[in-house]
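What follows is a set of structures to go through.
You will see two complexes here that share chain A, one where it goes with chain B and one where it goes with chain C.
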Partner chain A sequence: MNSVEGLVNQIQGLSTTASDVLSLQNLLKQADDSLHAESTRLLPFLDQLDPSKHSLGYLYFLEACTAGPVTKEQAGSYVLMIARFITSCIAEQIRLAPDKFITVCKRFKDQVLLLEEPLRGVAPMLTAIRKLQSSSEHLTALHPEFLLLCLLSRCYKAGLSILEEDVFEVDQPRDLFLFCYYGGMISIGKKWFRKALELLHNVVTAPMSTVNAIAVEAFKKYILVSLIHHGQSPTNLPKYASSVAQRNLKNLCQPYIELANSYSNGKIADIETYVEANKDKFESDNNLGLVKQAVSSMYKRNIQRLTQTYLTLSLQDIANRVQLNSPKEAEMHVLQMIKDGEIYATINQKDGMVRFLEDPEQYKTCEMIEHIDSSIQRLMTLSKKLNGVDELMSCDPLYLLKAGRERQRFDFDDFDNVPQRFNI
Partner chain B sequence: MDGIEGASNPTMEEMQANGTGGVDELPLTSTSTRKNRPIVSGEPLDIEAYAGLYTGRTKIKRLMFIANHCDNPGMQLEALRMAYDEIKKGENTHLYREVVQKIDGRLGPNYAMDAAWCSTIERKAELRKEKLESELNAYRTNLIKESIRMGYNDFGDFYYAHGALGDAFKSYVRTRDYCTTSKHIIQMCLNAILVSIEMVQFSNVTSYVSKAEQTPEALDPPTVAKLCCAAGLAHLEAKKYKLAARKFLEVGPELGNSYSEVIAPQDVATYGGLCALASFDRTELKNKVIDNINFRDFLELVPEVRELINDFYSSHYASCLEYLGNLKSNLMLDIHLYDHVETLYDQIRNKALIQYTLPFVSVDMRMMADAFKTSVVGLEKELEALITDNQIQARIDSHNKILYARHADQRNATFQRVLQTGNEFDQEVRAMLLRSSLLKYDYNLRASRKH
Partner chain C sequence: MDFSVLNEALASKSFNKIADICDNLMLQVAAEGVPFRDEWPFAIHLLGHIYIDDINSARFLWKSIPPAIKESQPEVVAAWKIGQKLWTRDYAGVYEAIRGFDWTQQTQVLVAAFSELYTKRMFELLQSAYSTISIQDAAQFLGMSEEDASNCKHAHLCLCREVSYYFTIFRCIA
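Moving on, here comes the complex of A and B:
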């Protein structure tokens, strides 16, 4: 009892200057076990602490409090408390104990899900990410949790703000896998297929030593999105993908590979019967909607191809060539595509003719120049970053140790350029 | 719209000139060519004249090929009769049995199975083989290189005459170790090439042609011509029509009838002409075929091919395609060409379509369909395929049935490509940095575990 009260006093005293907080951190680490032992009695003490001043201490207490199993009623009050803590806590203090903070936030997510109100978690979780991460390039363990909440609450737009940032630093590979997978799903939900493809591509080609379920599911979606976006299946994984992925992924996603093959044959009837026959498999993977989108993208692909060959074409001919049932249906498809900006055309309803036009973009407008300029700037910063990483890498003792060793083994002639072994 | 109409008017005049020009010339050329046409023509193949061009095994093989691939029973029997007569002059009982079986008594008792002839031939063959073996053994014990070479060569000849091509090839190739002059090597190569062609193993042909060409001494012109023919055949078989055309065009006039056991000079003209037409562009066609004095002599032997090449070059596609149509049934009976006729014809037709559209801003598809003797719908399909393949830069106005040339806007295309490349680079680099970060994590983990 005394020790807890003493601890509260110490927290109140030692939360102002940076050096004090460091010593407090040591005290709290030592007291962590006893806090956990008395977790049931800690709740009243929390009122004595101010989350916006004593963030570190509050965090330790909160973590100890929420450690046990939680009922639905308790969860309601905890959620409020944690949300308030997340919004008011001081970033510098909680970064001293990132593990504790992550654990608390994960419990927060579980409790929100227990209440079946994922929407309540979205905003606090985003704040939590911002407070925890050292820069926007840093992928925290909370990123995937946040995206999961976005997905479950169908709040895709909130998720996009995180996805737009480039991520380079990763703590745990699992975080990245989940982050990219959920991110891919959010992008699919927003029909932002290019981004989705990029994220899923990252999962599939990420270095891995064993096949994992996330990669397998991502590969399935990767095939489908690639069909929708590019109109063809990803032929082969690039060389830099891990050998495990190259060897196993295709075998694990056989129905999807076959779907892609039948897509490339270009016969709508074939692909529809195939989808019908394998409906159960796609449905159990929760991919049926995406499969249907892929099938309907085939019409679009075929119509787009016609624009390359024809200047004018009657709706009847379009229907025949694209294997649609009636000119009416063809008209709807063409209309939709014109609306979405996927083709440039005008429909002459009197004669039932469609006139395909060229892309009106002339690359002369100010916006276009600005767009190009910003792309150039972005690429320049990116190349700089690449060079920086390259330099860092060539100074990394671990890398040099390995490279030096291999050098010695394969090249006897030019080992004077690079010292064979670095012991730093 | 004005601009387009202005552009399309000269088009139509031009096309009319094409059409009428073709019709005017047609009777002239056909009457002048029919007289001196020994082989291929619109009429059924004159088998006797055809067979007269060849000697040896290829004559029999070609006749049998015609018998197998011809629907006309009269021609079939004619071919089989001549094959029978030819085989009787030789010693190949295997082919003999095959032919007799094919004739199946349809040509009367004179062409029935002659078992007595077979057994005498086979008995003689046994004796001859034994004699050759003992001779060869004697040579081998004496270790006289030249005699051993001759011995193996005799063996090769013997096997070849009796139709054991595999053994013949082996025997000929074995002479290689005993060749002392480059003349011998060339003889060995030519023998090997001959047998390989009969065996339809054209990879061997290519390798022995290059072996023969590597001999240090200069080859005499007929041999060079023979090697060119063999190489051309090999390329043709491998569907490398451009290379085949180049080889056939190189064949010198010295060839004459000296290689009749493989190819006739008429064939050189047909194969070379068709391959060139299918694979060369206009300038190459002009420089290497039409202005080629050597090849002109060959073309004189097959005036129809000469005419169709000239028609093609002077854009008289209708008459050119008509010649091709006439030739087709006979080319299908050619042992080397039949497999490639369809592909070559398709390529020639596509080339003609492409060249027809090339100079114009807009083309009336009805006129074009007339020029190519096809329907507008069919033409539209063909054009669509070519445009999809990016072989014609144009777009079809299906409503007015006009084909408009499309001039790619280099500037826009460049912008598009630049932006796309930029995006790709962006994505690649980011993915790369991410992967390197993951790898680094893996490293750190392993390193921390070690300590």
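Moving on, here comes the complex of A and C:
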């Protein structure tokens, strides 16, 4: 008990200047085990500490406090305590102990889910990410936790800000997999299919030494979203995907591959039969809704294909070719596609005809020029960044070792070992 | 719960900001652990999403509303009915849903603004999608009687010429 009290005094005394905080950190690291041993008696001591001043010390105490099993009643008070801590803590202090901070936040998420109130965790988790990140390009272990809370509480819009940031640094591969998978699901929910494809593509083509479940589920959704957005599914993974993925993913997602094949034949009746026959499989994967969206996108594809052949077509003809029940249904489909900008056409109800038009975009407007300009700027920044990374990599000793072993040898000098260290 | 920002937005008719304001406020209040759902203005929140044509968010919000509130607050149900009609693309049904309920004073302002905006959007859609359209259908899409439609009484309609039972739609000149 004495040592805990002593520790509290030290925290209160050593939390002002940066050098003090560093020495405090050493003390706390040494005291960590004893804190965990006294975890059940630590709660009253938290009242003596101010999370907005003594963030590091508070963090250590909080982590030790919440280490054991938590009942639903306790969860209520812990959740509030952690949420307030996250809002008021000093970012520089908690960044000295990022693992502890992540552990506390993950427990926060668990407790919020135990209380069945994921909505409570959304705002604090976002604050936690902002405080933990060293920059907006840094993907922390809390990113996927945040997206999970957004998904469970159906606050898809809240996840948007995180998804729009470019990611450059990743702590753990699993974080990236989960982040992109959940991000893909959120994008699907908001019907941003292009973004969803981008994120799911990242999961499927990420380096992996063995197939993981996240990649398999992502691939299933990737096929379906490809059908909805592009009207065709990717037949083969790109070359930069890992060989493990290229060899195994298709075998593990057989029903989806067959669905995609059926889709490419263009016959609604066939695909509907296939879906009906395999409903259980899709449902157990929680993909039935997405499958149905893919099927209904077939009508759109078929109508779009008509624009490539015809200048005008009667509504009755459209209905026949696309296998709709009536010209009125065809009209409603075409109207919806015009509204969504998926087709350029005008309907002539008097004659019952549809006239297909060219894309009126002339690429001459100010907005278009601004759009192109900002794209060029973004690409230039990206290119600079890649050059910087490339230079860093070519100085990396591990890379040099491997490249050196496999390099071509034309000269006597080439038979020397690759220098691993320069002693200057 | 501090609804001052929301009330300001309603008073200044910044209806397109209502959805964001409500979303952020809800996250903040939920983080405090305060039980807020009984007093939450779900009808306005739903209509805020509907106003900016974000039916997806409206749908998710509707799904998250507890059944007890759905049963005890008919205005919330009526607000969702508008969203539902938009979701199922029952263009004419939207007008029925708007007119089919006696809205409270605060909500009425938002509903009226949305109604005007929706009619404008529908008219723009008709303009871009149709070269000729039957008076009957036009009347349904614009939520007016066939007589009104054929007399072009709505402020946003510009010159339309009647050709037997059909309109030929010209581009707006004004």
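Note that in this section the second predicted complex is superposed on the first by the 407 of 424 C-alpha atoms of A that agree within 3 Å, B and C clash if a C-alpha of one lies under 4 Å from a C-alpha of the other, contacts with A are read in each partner's own complex, and residues count from 1 in each chain.
Methods note: a contact is a pair of C-beta atoms (placed from the backbone, for glycine too) under 8 Å apart; a residue touches a chain by one contact, two chains touch by 3 or more.
As the structure is a computational prediction, the values presented were derived from the model and not from experiment.
Once the two complexes are overlaid on the shared chain, A:Tyr240 sits against chain B while remaining clear of chain C. Look at A:His201: by the touch rule set out above, it reaches chain B but stays clear of chain C. Applying the stated contact rule after C-alpha superposition, one finds that A:Thr346 touches chain C and leaves chain B untouched. Touch criterion met: A:Thr309 reaches chain B, while chain C stays clear of it. In the superposed model, A:Leu386 makes contact with chain B only, not with chain C.
Using the contact criterion defined above for the overlaid structures, shared-chain residue A:Arg154 touches chain C, although it does not reach chain B. Of the two partner chains placed by the overlay, neither chain B nor chain C lies in contact with A:Glu165. One of chain B and chain C touches more residues of chain A, and that partner is B. In the overlay built on the shared chain, the residue A:Asp50 is in contact with neither chain B nor chain C. Common to the chain B-facing and chain C-facing surfaces of chain A are residues 351.
Taken in their complex, chain B has these residues touching chain A: 383-384, 387-388, 395-400, 404, 411-412, 415, 418-419, 422-423, 425-427, 429-444, 447. Residue ranges on chain C touching chain A, taken from their complex, read 23, 26-28, 30-33, 56-57, 60-61, 63-64, 89, 125, 128-134, 137, 163, 166. By the touch rule above, chain A contacts chain C in their complex via residues 76, 79-80, 83, 87, 117, 119-124, 153-158, 189-191, 332, 334-336, 338-339, 345-351, 355. The touching residues of chain A, when paired with chain B in their complex, are 166-173, 176, 198, 201-202, 205-207, 240, 305, 308-314, 317, 351, 353, 356, 359, 361-363, 372, 375-376, 378-379, 382-383, 385-386, 389, 393, 396, 398-399.
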